[in-house]
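Each chain gets a letter, A, B, C, D and E, in the order it is written, and its residues are counted from 1.
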């Protein structure tokens, strides 16, 4: 099975699904799921393969596909999330409009992401990148209403990113007259630092926009919260990670560690600037997330913050940090997808995701609660979930690299994360169940299944982090990083090792002990939720919801400081551009005389400039 | 060996015999343009392989240049005549159903005349002949813009007419200068005698011609007629105007600058003007609520981009410009045609009235979307290849000016993306999602949509064959001497 | 020997914690000029609580409180404690930072299912308070880790052997003081008992707890008293190789903290956070800067 | 005091624990509560006996009905009593809860508290002094020792009687009966 | 004066053109604008003719052998002018018919009032 075949299957299958949908919706659903599963299987079989092959000639350039462990890691994440979210869509999207289109776009985005990670040259990278961008745009806009503005914001920023990419790509082409990544990488070592820096900055704009790095993040909160939930999972889980992939490709594959280390000194180096941006990306969005009232918006802002960790790890550029960043990418893909799916399930059953009106759903959807809990624990980086290991790696890198302030931001961001993660748990699932949600049922199987898989991944990678870390270590070594002493239970090191098995067994044993004590005490009487202490009075359930404005004191403190200044700036900029554009067209006044005057003026300018000032 | 004169003669002949056919049967009238364009298309395609090896030069009346008028059927000519024939064919198929009101016979006559003019401009080797064909094109388009005889149509027609006449007047003045200076009207012959445009006389001549042609080519600031005319003409005519007429203007400018004057030192100015045109066009389009006006402004912008690409003047740049002409012809024709039926169904040109069109007219909306995506330059559509080539050309040209300009061009692309995506959203995602009855465009209109969409995607994915033609066409522009020698023997 | 540490250290920690709780009630009573309860009173309370039959609001209500205590007990195993540190090479101080999360999170989950408005407010306050004290706490821990260039708590203790106590070294003096300031906030005692303020919000997260739930929460509190102070002893007072010696250090620190804090009224939430973000944070930050400068 | 008697502790830890760790609901029904603060604070220091006020009934096992009980207050008293963890003890405080006291003919004060909730002991007086409270507590200790303080068991067993009386007074009750609920064993 | 003398035709031609342009730019009445257009046309035609004109020349017909070719007027501009006149007439006719139609629609010929299309 070659890479070309994989892409042909992925794209062709997408169109086939669309056509089949015209015949029978059931067959379409089956085909969509089958297709993603087949892709997953194929990608899984690719494990360990390396190679490059050219598949097409475009405008005189060979487009090539290549596979190595780095792209395999991303591809397997893409394929997994693709299939899981498609399965999740089965019941979530049931009865919605334009399903053929939805599945088509879902599969196309999936296929184009595979294309991105497997592309061996900058052109095919760009082609798949753009296909992904407009596919995403169409899917974000799918929900109508506020989604339209979100989609527009996304695509405009995305085009800005593509613009930067085009410039970067062609300036590389102008210097090396090839688009092949490997070829450029082999020749770039002689380039001057200034040139490399300019190319890297251009690429960073592109990938920063997709990756939602502050200050390029403003499309993300709207887009994530307005997209259909299965797609939000893909969007947050893997699509924005294409930016991460781009960062890795541009920093470590194209430019390479050695050349990268010459770009500036100390604080003024490219690494460090990126790391500082990443730190800002962690800090500010975390607290903005804290203040949101829409569950998906919280998660969206949280995605930005988590991306900050990934970039922080990758940017710092040691083998430990790289491993942490890459691992956190995998982890974020799993737990954020899980959370979006869980919120999607809640929205599917209750019809709302407003944190202030929900409550007590745990009584009706205990399974979804467990999944959300696992996802939230992963998000926090709770020990025994995968998020812990990756964050641990990042912190350790920062502390030992004498960057305690970055480490402080990262750790402090984690505490912010706890606050909003608990807010989601509490406001949706805990507290009193409002009267209107008394009839809510548990999520259907096709929603449960992907969530179970993801939660298993979270726990498994949390207890046995060695599985993915070994793969990541292989990638790191291939990029020129020092090899890490990876074990199945974590990492051995002189300056503090990590052993998740120990943590796991410690907690397990103490759990058992406490549980035994708990069991030994008299059993308790199970009461309904309304049997509740309220200073002796009985408050009817309808008026018992106490979730609004959950962290009021902290809001009061941080509200003046935590504003999305960037978004305000962009919006003002967009407004200014719109006004400018509006003024521009005022020159077409409708007066015939002035139009003729324009013609004569042009002629006059042309001639005067030449004859009078001899400019041309 | 078929004489390429037929490319001009057949539409011209059919145009004037059309009223006679009309006497036989009114229904016959609307098939004649289709037949003419089918003939033209097959002939041009048939000629392509021959022309690529060596250009065909036809001497009208057997007079050899510089004394006689010649037709120079080079790669450029054949490239344009394929585009003209193709777009003309598709639009005439579309018009079979679309044009119902008014005196349809006159419409078809004028339509054929317009295409004749366009064919003539791209094939002729004589500058006055070029002017004449140009006037044929212009006059028929003035008349066609006012075809519907409503307020907007008439107003824009008279404004178009006045500006166009001024423009053609300037061209004629320029031609008079040329004749006065060199005593010849054959392009190759003029080119042979001109050594540089440094002398003021040469420069003024060039300036007059560029300005004059620039009016029709809609270069800023001479493009004030364009949004009016394109938005108030019948949609099929808007498609032709946007897809063919203004490109012909650009062709003429390119011919004048590259072949006749060999003027390289004005190019940076042209590039600047191109970018300003692009920016002004896209910026004006951003806040338009009238869909056709928006598309018209977008045409202005695209022309600016094409002009910029030509002004890069390396073989990459000219190739990119030609490719962008192809892309713009196909995409903008598709956009106008699709918009035409949407306007017809809703009875309004307001973008907001197209809500729910994705349900009502799914295929038309799809066509519009593909056209829009291609124009923005998204892969895998044709627009990507052309934009790719333009950026490549600009950056390989080097120099701060072109880098800055291409950056500005890409900024304009962002604006363009913003308004096109907004329309796509309106088509598919705005408004209620209740079930609306399907009112798809008739099959006759869907055929052009289908052909154009398939072409856009096919060229976007596999631009190889097109590039083959474009390479030769580029070399015709770049190698001026070869052209002169080819004509004058 | 190693295996025995797994059992001995939690039990010792429990005993010390309970003792400190009793002692604190006693000392507090003396400051109030009361006689005060017997030292064993916490044990009596625990026995009573375990004998009671109370109510449960659901599975998470139970799991949460168990999780809270289990996490805290597991945490003991990571802390160097009188020469013992059963799980020394399992992640170091960073893991300790994280496992300290189990207790509040477990209580919060459990209380969340309790569905009482008082609990909601209490949890909210607890988390906000934790956000407040984590700023100085993280800075302090970072200063220590950066200074000793390790993330292992055992290494930190080793580096301070033979009376090179961090508290009396130049760079870590200010962070040490900052730690003393935030101890009451970490323990949730006055003046930072806003999360469990009985008079305002009916003891907050524990409003629905009775019987064994309350007992487990009390045990958890006892443990966390010990852990918080033991961490200080380890980081700033050089730990100890000897349990008795270690206990004495803990006792001294505890009594000093108690004397300071017994006489203060309660902060409002914003005041608490602002205080924590101001003085202790600035002190810890200054320490960190000095560490970096050296 | 026998709380240092280790043998008793080993024999009956539950009883001993309940005796010496009486946590009182801080719930003032009426004027009688004026005597409670001195009891709890420095002057009489009830913490010596392990008596501390707690904020919620869930944590408490001692309920002091301090003063007259209006029908409105009674509702809260019943609710609070039902929410206390078992074993729980009630002490009527002052003469009003016993027989209405000076409000014997008031239209909205109940005369016999033990018709609505079981009361384990009474402290007479208007007001009873703090010393009387301590005497009451020691009496309660004795009762716990002898197994006589079984109010909560009576309440459970005769729930229909109490509930009936309550409903007779209030009409319909807002909350459902406590003991008809299924007894779940949802322990972790 | 010799300059004027030598270039009378050109001056007249450009004079016409500029007058025409001025009319087109400044006048508000559509009929006047159209008249301005025909001024421009006439000017250009005059320009074309004068390019081929030779003072005292004759028609370029080789019927009488005595006439030297140097004295002949260049015939090509005349052919051009013929074409240009035809085109000019066509444009003028179209313009006037449009003006008529416009007047029917708007009831005015004031260009300031015919501004339905702008921006």
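In the analysis below, a residue touches a chain if its C-beta (ideal position, glycine included) is under 8 Å from a C-beta of that chain, and two chains touch if they have at least 3 such contacts.
As the structure is a prediction and not an experimental result, all values here were calculated from the model.
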| item | value |
| --- | --- |
| Mutual neighbours - chains that touch subunit B and subunit C alike | A |
| Labels of chains that are neighbours to subunit C and to subunit D | A |
| Which of A-B and B-E has more C-beta pairs touching across its chains | A-B |
| Chain with minimal offset from the mean of all protein Cα atoms | A |
| Length of the line joining the C-alpha centres of subunit B and subunit E, rounded to whole Å | 28 |
| For subunit A paired with subunit E, centre-to-centre distance based on mean C-alpha positions, whole Å | 68 |
| Euclidean distance of C-alpha centroids - subunit A vs subunit C, Å | 36 |
| Distance from subunit E to subunit C - Cα centre to Cα centre, in angstrom | 99 |
| For subunit A, residues contacting two or more additional chains | 515, 518, 523-527, 531, 533, 535, 585, 588, 592, 594, 596 |
| Junction residues of subunit C, two or more chains touched | 50-56, 58-59, 62, 65-66, 118, 202, 207-208, 211 |
| Multi-chain contact sites of subunit B, meaning residues that touch two or more partners | 158-159, 162, 166, 227, 284 |
| Listing of all chain pairs that touch each other, if any do | A-B, A-C, A-D, A-E, B-E, C-D |
| Of subunit E, residues touching subunit B in the complex | 17, 21, 24, 30, 33-34, 37, 40-41, 44, 47-48, 51, 74, 76-77, 80, 83-84, 87, 90-91, 94-95, 98-99, 101-102, 105-106, 114-117, 119 |
| Subunit A contact footprint on subunit C (complex, rising order) | 6, 10, 50-60, 62, 65-67, 69-71, 73-74, 77-78, 86-87, 89-95, 97-99, 101-102, 105, 108-109, 112-118, 120-121, 123-125, 127-128, 130-131, 134-135, 138-139, 142-143, 145-146, 149-152, 155, 202, 207-208, 211-213, 215-216, 268-270, 273-274, 288, 291-292 |
| Subunit A to subunit B touching residues, read off their complex | 57-60, 97-98, 123, 126-128, 130-131, 133-134, 137-138, 141-144, 147-148, 151-152, 155-156, 159-160, 163, 166-167, 170-171, 173-174, 577-578, 580-582, 584-585, 587-588, 592, 594-596, 598-599, 601-603, 606-607, 609-611, 615-616 |
| List of subunit B residues in touch with subunit E within their complex | 128, 132, 135, 139, 142-143, 146, 149-152, 154-159, 161-162, 165-166, 168-169, 172-173, 175-176, 179-180, 183, 185, 227-228, 231-232, 284 |
| Residue numbers on subunit A that touch subunit E, as the complex places them | 585-586, 588-594, 596-597, 600 |
